[in-house]
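Following are the structures in question.
Each of the next two complexes has chain A plus one more chain, namely chain B in the first and chain C in the second.
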Partner chain A sequence: MEIVVSREELVAELALLQGIVERRATIPVLSHLLFQAEGERLSLAATDLDVSLSTGCGAEVLRPGQLAVQAKKFTEIVRALGADEVRLTLAEGNNLAIESGRSRFRIRGLEAESFPTLPKVESSSELEFPLATLRQMIGKVLFAISSEESRFQLNGALFKATDSTLELVATDGYRLARVETDFSGAGAEGLAQGVLVPRKALQEILRFSGEEPVRFRRNEHHLSFRIGDRELISRILEGTFPDYERVIARDHEKKPVLSREALQLAVRRVSLLSGERARGVLLRFEADLLTISAANPDLGEAEEQVVCRYDGEPVQIGLNPDYIGHFLGAIESNEVRLELKDAESQCVGFPIEDPEGEAGDRYLCVIMPMHV
Partner chain B sequence: MERSDPADPAASGAVRRILHCDMDCFYAAVHVRDDPSLRGRPVVVGGSPQSRGVIAAANYEARRFGVRSATPSARAYRLCPQAVFLRPDFPRYQAESQEIFAIFREFTDLVQPASLDEAYLDVSARLDPWGSATAVAQEIRRRVREERGLTVSVGVGPNRLVAKIASDFDKPDGLTVVKPHRVAAFLEPLLVRKLHGVGPATERALQELGVQTVLELRRLSERRLKQRFGRYGGVLYRFARGIDDRPVRTDRVRKSLGSETTYSQDLVDLEAIDRELHRLSTGLSRSLARRELEARTLTLKVRYSDFTTVTRSLSSQPTRAADALLETARLLLTRTEAGRRPVRLLGLTASKLQTEGEDSQLRLF
Partner chain C sequence: MARIQLLPDHLVSQIAAGEVVERPASVVKELVENSLDAGAREIAVELEVGGKRRIRISDDGSGMGKEDALLAFDQHATSKIRDFEDLQRVATLGFRGEALASIAAVARVELLTAEAPGEGWRVRIEGSRVRSVEPASRARGTTLEIASLFFNVPARRKFLKQPRTELRRCVEVVQGYCLACPDITFRLSHEGRSIIDATATSADGEGLRERIRQLFGDQLADALVELPAGGAAGESIRGFVGKRETAKGRRLFIFVNGRLIRDRQVLATYYRAVRDEWKHDEYPSLFLFLGVPPEDLDVNVHPQKSEVRFRDASFVHRVSRVLREGLVSARGEEAAPLREAWGAAERPLAWSGLGAVSEPSIHETAAAFDTRDAGADAQSGVWDWRRDGRQKIAEAAYDRASPSEVPLSRGSRDRAVRILGQYKGAILLLETPQGLLLMDQHAAHERVLYEKLARAMEAEEPKVQRLLVPQLLELSPSERLQLDSLVESLQPMGLQLERLSGGDLALVGVPAVLSDQQALSLVLELAASEEQSTDPAALKRQILESVAADRACKAAIKIHHALPMAQMEQLVASLFACDDPYSCPHGRPTLLEMSDAELERRFGRR
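Let's turn to the complex of A and B:
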């Protein structure tokens, strides 16, 4: 193999591949990237066996060939190079020579054959949606994905589609975020029941940019997201997602409305004195006034008042301030509405969309209370 | 088998680094520190000279006259009439003791108080950033001196037995370090009464066997010692050789709970291993229930037949349910080579313990 590639193009693809490579790979080859030079292209691939990315860039291929190369070191080297072009040459003993300007590196690689074969997702039907839409949806639910390995079925988000909507739901058992957006595309049958997309695949999609649409396919065990020449393949997370519709309360009658930013800042300040083990803040709504308070037996107490629009019965609820912060941080509206019942029932939060703004994106976040 | 800490190096066979920290004539020193007029004078804390009480503590100035703790007060007065006699002020000592022990706990969680003025510290896993147990001991001595205005003598050794003797070796304000390979040489010339548990009765009995020093004690067989002293004979036999496996136990809130079993025959098939996991999780569940605790983290320890040992941990919802523990243990087992390599030991430890229901966050699912 001997090729010449643009350093800038290579660096852009390496940045995407870094998200896939296992940091603590137990199988050595998984810390490597697969290089395949053929035609006028250098194909690159990374996998952790659950999530894989194949991508590439244009190349002047003097001699075709293939090799697996240690991802982290190679990326560091290419990032550090000064010249615009990089020449990659497969030398004897699976060594890779990297030459650029006056710099020369030689790093040891592994035989391409030792790199796992990436799954192929063949399907008769394909869905297409804008990347920006998908990214926005992911950004609104990612925080609610559980990182508890023992609840593996919550280590991803439920991705669902109908002929007219796309839906993404995530929960860690304590809070739940759901976003739904209008979507006009046929062929969504494969997603009517929804599939569980692992967190890592969603995080990787957030790294993608550009105007090209996402072309989505699935088969029994895998999902494929193609964006231009890049293909992200993810194993479908096995497991049953909980019956989430049941916990989205629709009949809460106490519905204060308040400034998103004022609430966010006040909660952040008051939570400085919340308890260490049970670090909740108490929200008490009375006529047009919210009082947020926290008490830490070792440190002291904090309280702050925020004006709101509310004419219902006084109600109070203890909430984890981080959960409030994640919800408020995921939305952009000026105002939010909370729907409450009592201190034992979930709080359902909604952004209040600007009447002038574009509709079509429906979002909510359910947060279970804490006993404060 | 319950242990005080899963990281207990005694269990892993590594050399332990134990400190015995002993405040120098603590009660008297507290009074002298707080009342400069006492400095340099013999100070005796205890019952008044007119009473029939005894001395609780005497500073070194008073000891020069032969006054020791437990000396009857009246006799102490005869020995050293110029001494300042003070009534003990236990709440004050207690408060001071807490301050000092708090300093100890900054160095390790494994602090076992032996009394108000002495404690054992296991620093085996806590040598960073000081680098050695000796450096830790020096740092502790410096901190206590500068922050509390008191001196502490520290003994460093591979176990409690040696550390305790070492702290007494260079009192007051001393630091004595006994390296593992120097233990025998350190103990041999000592009188047997220096060994933990050897009181006047045992000392007399040993004298009858012609034993006065530790070196002489080492000449007696284990059988002979057990014949004469029963179970304690075995302890004496090991102590004479500087062997002491007693862990440093903290009486603070329990940080972990668990048990492990070494099998007489290596476990090779997964079915047998699963049965053991079942037994261990059931036992662990019961121990947790007895203490009304729930665990957030479960750690599985697997020692293979070649003695290499791995641990695998997972944190999840607080629980103590046997089936939940078993399920997690099984998941952890898949991350080991059990089944492919023979297993000689399995252990299951619960940590991040909390009182049942303490987690006040309500759940959706």
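Let's turn to the complex of A and C:
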């Protein structure tokens, strides 16, 4: 293999591949990238066996060939190089020579054959949606994905489509975030039941940018997201997602409306005294007034008042301040509405969009109460 | 008068009975085994007051004629073996001819049995004495009714636990045979309330899975992977191992030739297999059925036959291989086409001398594994995750027996201690006026963290996080009985359980210091543990301790980790400031002492 590539183009692809490579891989080859030079192109691939990305860039291929190269070192080197072009040459013993300007490196690689074969996702039907929409949706639910490894069916988000809507839902058992958007796509059958997309794949999609749409396919075990020449392939998470429609309370009658920012800042301040191992703040709504308080036997107490629009019965609820913060951080609206019943029942939060904007109820976040 | 006297007969048989009959559950066990030996297809057990007042068991097995019906109660009367040769290859569950005699010595027994309809006999026996024998009618089969257990042995009667506890033990016994014989129908009821109702499935793997479903519910049944076939000719090794989501609760069942046993050797093999294959400290469910030719098995080790010895030592290795294969497929990786390109992962190297760093759990060799400790776990039937902090410092570094545990008293604590250094990144060497102290840095740090955490947690009111979706607990009949009795006591600790219709339980709130999965494991553990106090204060301590110990263990400095002097000093000072500096929260010693006297003796200076 001997090729010449543009350093800038290479760096852009390496940044995407970094997200896939296992940092603590127990299998050595998984910390490598697969290089394949052929035609006018250098193809690059990374995988952690669950999620893989194949991408590439244009190259002047003097001699085709392939090799697996240690991802972290290679990326560091290419980032640090000064010249615009990089020449990569496969030397004997699976070594890779990197030459650029006056710099020369030789790094050890592994046989390309030792790199896992990436799955192929063949499918007769394909869906297409704008990348920006998908990224926005992911940003609104990512925080609610469980990081508890043993609840693997919650280690991802449910991705669902009907003929007219696209929906993404995530929960960790204590809160749930759901976002829905209009979508006109035929061939959504494969998503009618919904599939569970692992967190890592969603995070990777957030790294993509550009105007090109996302083309989506699935088969029994895998999902494929194609954006231009790049293809992200993810194993479908197995397991059953909770019946979330049934869980979301729709009949709460106490509906205070508040400034998003004021609430966020007040909760952040009060939570400074909410305890270390188990964080909880108390929210008490009375006529047009919210009082947020926290107490910690070792440290002391904190209290702050926030004005709101509320004319119902007084109601009080304990919540984890981090959960409130994540919800408020995921939305941009000026105001939010919380729907409450009592201290034992869930709090459902909604952004209130500008009157001219789209209907606001298409995003919601359920937070379960905490006895404090 | 001579001081040595011969014991009267009835006393002899009562003493002998003590070995076989300890409590209602042991009666149930013997009677179920007899029914199975008699070829029954359907066995029904009815209990009153946890079996203390009455145990009635009826089967549709072979039944007995008049002569056998009477002989059955004689000591060493058995139809199952005749001579020593037979004893070498017992294929039935019973063989001693002791059970009925023992039971009859300590209870009021009524036997109703018929070899064919219309040829039945009723025999009444009370404290070994036959009271009446009369013809009676019954369909083919046998009914035994054991009333007033230990009516004539008050000391034993007093020893029995509350009905709830005795009932749970009886349920556990029947559950065991339910699993061992999925092709037989079992029913168990307590004072008219049905507790087990398991209709016959089939004897094959799928039948067994269905039986597990009947007892434990869908979640577990659907998360089991069948073990690959294995074992040499004449042996069988089969069963199921759970996927990773089953690594909660302690559902580990090992059967040998149809009998549920607590075998420390097989259990230890399983634990090691999980640690090696999964690099994990949680153990998935196991339903393991081992069959060996009767002559290769010594069941006569224990009067209740709950321990066995395999005559062929390599059998356990074959079991290990099957378990490992099963675990690999239960990990669920072969489903992904991606993995196929891949061979087995390389094993990290074992610890190999000064300064090297190794994966903890790998280098415990079979020989180095301390079976005494595994035995302690095996006896309580509970795997203790705590043992995982245990690593060998180096193989055979010194003679285990010699350094004695420190008999330090609190008073001697502030004596001068000089830190000599750190041995192999694992042990601090301390010089004291009395001798040399060895301090396990991991255990010591665990102790320090544990006391800090437990104090902090006790001071705090528990915050309770409600769950979005109540977690339905799928429990076996015996686990359900146990947990149901704990619901109220767990409430103040923030473990909120809700009783659902049909006797089910769901977890609806968890202490905010725990994740829902930790809370779930804790609850399932409480459900499966042998003896569970319902006293809220004791429960609270127990929960706090297990949480604190778990966290302390995870946070503590590991071994093979070099410490700068300042840190060593800090650790030594904090350890000696603990309430109990001499052991880690799991009971392992933190300190060992080589006294000057001991050193002198060993160097031949004394």
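By definition in this document, the second predicted complex is superposed on the first by the 367 of 372 C-alpha atoms of A that agree within 3 Å, B and C clash if a C-alpha of one lies under 4 Å from a C-alpha of the other, contacts with A are read in each partner's own complex, and residues count from 1 in each chain.
One rule holds in what follows: contacts are C-beta pairs under 8 Å (C-beta built on N, C-alpha and C of every residue); 3 or more make two chains touch, one makes a residue touch a chain.
All values reported here derive from a predicted model rather than from experimental measurement.
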*According to the contact criterion defined above, which of chain B and chain C contacts more residues of chain A?*
C
*Using the superposition on chain A described above, determine whether A:V247 touches chain B (first), chain C (second), both, or neither.*
both
*After superposition on the shared chain, which partner residues are touched by A:T47: those of chain B (first), chain C (second), both, or neither?*
second
*Touch check for A:M370: first (chain B), second (chain C), both, or neither?*
both
*Quick one: classify A:E344 as touching chain B (first), chain C (second), both or neither.*
both
*asked:* By the touch definition at the top of the document, which applies to A:L176: first (chain B), second (chain C), both, or neither?
replied: both
*Once the structures are superposed on A, label A:P297 by its partner contacts, choosing first (chain B), second (chain C), both or neither.*
second
*Can A:L118 be said to touch chain B (first), chain C (second), both, or neither?*
second
*After lining up the shared chain so the two structures overlap, which partner does A:R235 touch, if you call chain B first and chain C second: first, second, both or neither?*
second
_Footprint overlap on chain A, where chain B in one structure and chain C in the other make contact_ = 148, 150-151, 171, 173-176, 242, 247, 277-278, 280, 318, 320, 344, 346, 366, 368-372
*Give every residue of chain A touching chain C within the complex, in rising order.*
26-28, 47, 49-50, 52, 115-119, 148, 150-152, 171, 173-176, 221, 235, 238, 242-243, 247, 275, 277-280, 297-298, 318, 320, 344, 346, 366, 368-372
*Can you list the chain A residues touching chain B in their complex?*
148-151, 171, 173-176, 242, 247, 277-278, 280, 318, 320, 344, 346, 366, 368-372
_Partner chain A, residues of chain B touching it in the complex_ = 314-317, 327-328, 331, 354, 358-365
*Within the complex, which stretch of chain C touches chain A?*
244-245, 247-248, 282, 332, 335-342, 345-346, 456-457, 459-469, 471, 494, 509, 511-513, 515-517
